[in-house]
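In what follows, a structure is listed as structure tokens, so that the remarks can point back to it.
Lettered A, B, C, D, E and F in written order, each chain numbered from 1.
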């Protein structure tokens, strides 16, 4: 369980996962279908946000999603999410994805996105975000919700 | 087949579809999971773009995606997509979704998004967009790709 | 939100949706798998019935389902459902599907089906059907359930 | 591998399978969703027809589909298909489903359907049906295709 | 409903099902993807265990899973499960799968696995296994849980 | 793209991914369904093996799969795979999974498995394994295939 110790010691505001692009995620050209890519990006943002805070989270918005290159069925895709901003009840999660590359080869980024996630209470209303790392959000220069 | 005549007479730059939110699209709170909503929005944009042009299309970017209200499992969701801009080889597709409402009741918009779609040739490279309605893209005021 | 006004003004007894035939709905010949087509037809009937009445509905029977032509993966499929009969607690929903066609080209109908849907109460028992449009079922010439 | 000998000795015109009703096949009432039931029935018909003949088969029609009782998520469902008619290039497959019952208890039939399946060649055109059991179709009293 | 009588008379400790290998279960080489095969084997074990006992069951372990030959998309796969051991609260279920073969041809076994299933109460804790066939577990020579 | 550098510098014989347990992976008790867990474990093994070597890989066997504790829907699951043995044309991949834990809390291991993966050529036959890290397999003490 050494990997678990490594994982436990990892920063709580970032997360990496690797996925295989399956035929059921393809369009009829044999590449990753756009809507399936959106789903992968959103899941990764959700995972990072859910791990970061102590509350349930929901997705409030997404922006700047870019499909930089086609992704073939059978490809190994590395996805990375990072909590880039923590607000009073919301956070910004940046996600990007790169194809698996041979050692020494420069990695190829293929997907990029940015999500706003909101901490919610049992009734689904926004609630103050309590990060697991115990750090407070810096006082915002401009109002954020 | 009167509905087909109605459909054939409908503008080629817009498309409406109705979907049922199924349990397999839910998070564990019983509402539509964000990544599944992204997938629904993207599919609708893809359908509108594929119907609009004579070429295969792929998704190049998405922006301004907003989740305005939670959507319960079992809800009927109306999705609408419209080709808002036609460029040389790309087009902008706006998508929004509203819950089914009782007659007379004001509709509730729950999802909104904007997609850039690109016409591609067999090798997946951008190719001039030929709309099925035969109309040309207006000369752009500012460069678009 | 003009499309929503159009939708709200549309008759409550009919519904049109457009779907993309994805690889995961294909058989190993590259065409829409029969059971996946049945599922699409049934979903469309369910959507029309759920929108028509104020009660939950379940499927009681299906008949006269015809597969008129193969449907290729990647095709755009327009599906249309219409409440053709309203009874005391049940309704008949007719569904058909046609391939997306070029402007001016005659549409090709590929699927056709007929479903009996029943309004049910919370315990799942048949309950009188109350249509959202407020119109009563005509007194039946012959008994219907 | 005794079961394989039993299976090999079984008649080629019938087939039984057992399925578990999973949450992803449910509607939001916790019972098997109609369209998912249609898919299960169609798959069973396809399996029986594919095993019966030496050619690829496609679904041409379905009729007399009845949903006799709701099926709870978690239920064990036994499905049975039988080739009830063999024509020149087509066959009729009857399918029914019953809930798993305690020993001695009368079984409860919950689903019933009838499918027309057609043997096709590589181009998807109807082709004479050659049954694996080597028996010919009886000369039809009335024309069948 | 003769098949139901046959089924009711069948031993309660064994179960056969037939499945079609669909494109959505394939890897990008066109054969059954390993993880999808694991899922099919596990489902079959679950079905056999759920039919055998009167209690809910969960999977506790799996061992000796062998992939003996690749399985093409479109293949008909016969799966067989048998309760090979009944303990106080657990049972061992052996599963194997063979490709559908022409009459007279020797069957080809392609998958094999062994599962430990445990009867659980409503809280998910192990509970004594009561088989539907009313027979008791033989006193174990060595302790089993 | 710092994470990509971190990833590129990571050992090629291990891989960590994080997954969310979705309702569509649940049994009807609200916990991860055994067959879905098998699929997750197998996918993780496949990912590690595909990243490790330069050839396509297929699954040959699985053993010692243990379900140590139930996993609730909505849980964050960390999965880790490690190439524990490299043979001439095969490798052994060990996979385990733990629930996401609060900082400082001891992690809870919930799933464990061991897979044999084989490098194959275009025809699907075993082929010598060439690891991406360029290291050779140690001469085996006892024959391995």
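List of remarks:
Quick note on the criterion: a residue touches a chain if its C-beta (ideal position, glycine included) is under 8 Å from a C-beta of that chain, and two chains touch if they have at least 3 such contacts.
Here the structure is a predicted model, which means the values were calculated and not measured.
Using the contact threshold fixed earlier, the set of chains in contact with both subunit A and subunit B is C, F.
The chains that touch both subunit A and subunit C are B, E. Taking each chain's centre as the mean of its C-alpha atoms, subunit C lies 37 Å from subunit E. Centre-to-centre spacing of subunit E and subunit F amounts to 24 Å, using the average Cα coordinate of each chain. Looking at subunit A, residues 23-24, 27, 33, 43, 46 sit in touch with two or more other chains.
If the chains shown are joined wherever they touch, the resulting network has some other arrangement, not a path, ring, star or complete graph. Contacting chain pairs in the structure are A-B, A-C, A-E, A-F, B-C, B-D, B-F, C-D, C-E, D-E, D-F, E-F. Considering their complex, residues 27, 29, 31, 33-43, 45-46, 56, 58-67, 70, 113, 124 of subunit D touch subunit C. Looking at the complex, you find that subunit E touches subunit C at residues 22-24, 73-74. Across the complex, subunit F meets subunit A through its residues 1, 3-4, 7-8, 12, 14-20, 43, 46-47, 50-51, 76, 78, 80, 82, 96, 98, 100-103, 107, 109, 132-133. The part of subunit B that touches subunit F in the complex is made up of residues 23-24, 26-28, 33.
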